[in-house]
Amino acid sequence: MTAAVTLDGVSCTFGHGAGAVRAVEHVDLTIEAGEFFTLLGPSGSGKTTVLRMIGGFTLPTAGRVLIGGADMSHEPPYARPVNTVFQDYALFPHMTIRENVAYPLMVRKVDRRLREQRAEELLALVQLPGVGDRRPAQLSGGQRQRVALARALIGQPQVLLLDEPLGALDLKLREQMQSELKALQRRVGITFLFITHDQHEALSMSDRIGIFNAGRLEQVGTPAAVYEAPATRFVAHFVGAANVLEGDAARRLTGHAQAMLRPERITLGAMSGARTSGTVAEVQYFGAFTRVKVDAAGARVQADLPAGRGFTPPEPGATVHLHWDDGAVHALAGAAA
Amino acid sequence: MRSSRSSGGPTFWLKAAAGAVVLFLHVPLALIVLYAFSAEDKSYVFPPPGLTTDWFAVAWQREDVWAAIQLSFQVALASTALALVLGTLAAAALARASFFGRDAISLLLILPIALPGIITGIALRSAYHTLEIPFSFWTIVIGHATFCVVVVYNNAVARLRRMNPNLIEASMDLGADGFQTLRHVILPQLGSALLAGALLAFALSFDEVIVTTFTAGQQTTLPIWMLQELIRPRQRPVTNVVAVVIIALTFIPILAAYFLTRADEPTHR
Amino acid sequence: MSTVENTLALPAARRGPLRRASDLLYTRRNLLLLALLAPPLLWFGVVYLGSLFALLANSFFRLDDFTGQVVREVGFTNFVALLDGANLDAARRTVGMAIAVTLACTVLAFPLAYTMARHAQGWTKALLYIAVMLPLWSSYLVRLYAWKLLLAKEGAISWLAAQLHLTWLLEAVLATPVIGGPSLSFSTLGTFVVFVYMWLPFMVLPVMASIERIPSSTLEASADLGAGPSTTLRKVILPLAMPGIAAGSIFTFSLTLGDYIIPQVIGDSTLYIGQVVYRQQGVAGNIPFAAAFSLVPIVVIGVYLWLAKKKGAFDAL
């Protein structure tokens, strides 16, 4: 089956000469049809630029962008079967909600009655019936976001790009929209390409995640793969908390030059059978778990201990013994970021 | 922060001085309106001996007044149309782009209005003379359009800068090409700013006299008519009436433009 | 809802020349910029810069006295003529008037600007703002005409003088050699008053903006340190308002320098720069000399702008 989107050696450099900014460097990526794919990374990592190159708002300076198998590297946005939900929604202030949603059909000269009817259907799909006659200024942020979604879907694009759409929403609303978006994607069945810097969002919503750092794609994989087997130190730290061991301690404890250990895989126990011992430096209570930071093996190791009956966290300064099973250790390849 | 309480409030003298200046600015205009109704033939006699509306009827009959109004109107329309096109194009290019020479171009656009009218006037006159172009409707319009461009440009740029740039991207993303985006998104957003610019340009052209005297030859626009009356008065009362009409004709578009674009200006109260 | 899953058959996207043009302009941004800038730049280049060039060129040509034709050779006849007595007088007179008008506008604008900046808020301020702008929005000629009537022998000012038994004062002023004249409406004094009236709004607004920028704490500190109101005015407010004054003065100075209508209508028969230029290009047909003479205000304004810039006028605009 043809991939929905393929990036082949894509780079994007702004400016020339000494002041040039390499926003995206040589990215190869394949996104399958029907996937919920997330581009994850900190600000300035290049994920937005990649999105914009797929949308057609920025043109690549090297490489090819293929959509549905066709080379669309230099096609304008209106020629691509891709629609976007912008971060600030970009609803047209001088049009009603219905006109906003119907816009893609209006531009393609669909008959008015048909396109208005279709717009109503889409508004119902995003659970906003009855706002058709209002103006964007009269809606709340969450409502506007749904309108932007409806507007982007009405044209039946092959791929939907979502540029940090939940950033402006408060926590409860954000969590609700996360579920709704996921359900919507399942239902509509098209490829969703989602951008966020929030790793929790990425882990919970995606079929696969692509992690960006300083213009490069560091890893692509399912949420589980990315979490349990990070390819680089950067990925290990960015997705979830990580203990990274290196040097002598790493070799001694794990047998690898550089290894990662997730805090929730470490337990405190008796001295016999322990991997290493150390002094408690800090204890933080998080309700569902307690984070204990231990100076051991020449590093500060973090252990997340689940709450439970009869569990008493250790005091700072106490000596504790750390246990973990072999499968909890993951060797890290490649140089540090 | 201005707190009149903390600095003791405005003194009587300060308020009196400010009030006197405001009066100074407005009394002459009020007098003109009064004079338009004066029954006295010599009409600058103060106080006017009686009030009448007869002079309005007389002015209505005057052929030369109508001819002047008509010419001014046509010139203003043509100049405004030209200024709209040129000013909007320039604004579209300069609103968000940054390239070498951008500031120079903004300066160039403002120069015709910034330099004294007499310079623009004699410059155009020299050019027409050197190229042996005879005076005509178009020699006037060319001059007017040139200094009206900046008025449209300022309004258009202010509006374009205020417009969300994502709107254009969103429109294209949803399937509209450049021209469709222009028609459905950009022009509606620009609409009232362009209208305001057009109104201001119209008022400016309608009222302009200095450059016009250099570029009109024998033709008489309304301001030129007015100027001739000032130097060689024919029928003072008719001039008063025409003056009141001019006040209305230029004041109304400017007021309308002010209300249309109040939101665009960053320093406006 | 099942209908959404039903795909809607969309009409094919149009592929005409407009579309191709749009594609081209999208991918080549420089082309778009060029297309947008070409018409205005062409217009301004050809019409405006071209005329200015014609002006400059003409100032070097001369008018042949016998044939009445313009001789297109580079020469300095005109510039030599500029140094001629009458022309120098006109230049001096005009510059002198411009300076006087600027000073008067500053003095008159200050109380109003100060009140608007420091003692007016909300509605009052908006009203005052409109009150200052209103005259600007009415026609220049109408305002000039109003003054012509006001200043006339039987006009309102004479009437007022009579009421206040000050007619003798009025006549004494009119009899004074340089500033007087046959009547107020044909005198240098009259010209001066009308100039001040016309350009006053241009001075009020920048000065007001400058004064607004002075933090209250500065004025309070001045009072706190023992300065009386007039000292504060001289040592604190005036210097800080200077950029605004400089900005406003650019308008009053250059507008006065270039105006030929007010002296024509209100003045006595002495000539100002603008009038000389106008007459030379009109009746005399001596465009070259008119062009050369018009360079004088350009140079004077250039010098003035340079001085004003040093006083910070451009920051206040």
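A, B and C label the chains in the order they appear, each numbered from 1.
What we mean here is this: a residue touches a chain if its C-beta (ideal position, glycine included) is under 8 Å from a C-beta of that chain, and two chains touch if they have at least 3 such contacts.
Bear in mind the structure is a predicted one, so any value in this text is a computation, not a measurement.
Q: Pick the chain whose C-alpha centre of mass, unweighted, sits closest to the average of all protein C-alpha coordinates shown.
A: Per-chain C-alpha centroids ranked by distance to the global centroid put B first.
Q: Averaging each chain's C-alpha atoms to get its centre, pick out the one most distant from subunit C.
A: Comparing chain centres, A lies farthest from subunit C.
Q: What are the two chains with the most C-beta pairs touching?
A: B-C
Q: Quick check: how many Å separate the C-alpha centres of subunit A and subunit B?
A: 55
Q: If you average the CA atoms of subunit A and of subunit C, how many Å lie between those two points?
A: 59
Q: Let me have the rounded angstrom distance from the C-alpha centre of subunit B over to the C-alpha centre of subunit C, please.
A: Each chain reduced to its C-alpha mean, subunit B and subunit C end up 14 Å apart.
Q: Can you pull out the residues of subunit C that are in contact with at least two other chains?
A: Residues 13, 22-23, 26 of subunit C each touch two or more of the other chains.
Q: Residues of subunit A that contact two or more other chains, please.
A: Touching at least two other chains: 76, 78, 108, 155.
Q: Return the residues of subunit B touching two or more other chains; collapse runs of consecutive numbers into ranges.
A: Only 172, 175, 177 qualify.
Q: So in the complex, the part of subunit B that touches subunit A is made up of which residues?
A: Against subunit A, subunit B makes touches at 164, 166-167, 169-177, 180, 184-185, 188-189.
Q: Inside the complex, what are the residues of subunit A that reach subunit C?
A: Residues of subunit A touching subunit C: 59, 74-76, 78-79, 105, 108-110, 114, 118, 121-122, 124-125, 153, 155-156, 187-189.
Q: What does subunit B use to touch subunit C in their complex?
A: It comes out as residues 1-4, 6-7, 9-10, 14-15, 17-18, 21-22, 24-26, 28-29, 31-32, 35, 42-47, 85-87, 89-90, 92-93, 97, 99, 105, 108-109, 111-112, 115-120, 122-127, 129-131, 142, 145-146, 149, 172, 175, 177-179, 203, 207, 209-210, 213-214, 223, 226-227, 229-231, 239-240, 243, 246-247, 250-251, 254-255, 267, 269.
Q: Can you check the complex and tell me which residues of subunit C touch subunit B?
A: Within the complex, subunit C contacts subunit B at residues 13, 18-19, 21-23, 25-26, 33, 36-37, 39-41, 43-44, 47-52, 54-55, 57-58, 70, 108-109, 111-112, 114-119, 121-122, 125-126, 128-129, 131-132, 134-135, 137-150, 152, 154-156, 158-159, 197, 200-201, 204, 209, 212, 215-216, 219-220, 223, 254-255, 257-261, 264-265, 274, 277-278, 281, 287, 290-291, 294, 297-298, 301.
Q: So in the complex, which bits of subunit C are touching subunit A?
A: 1, 3-5, 7-8, 10-11, 13, 22-23, 26-27
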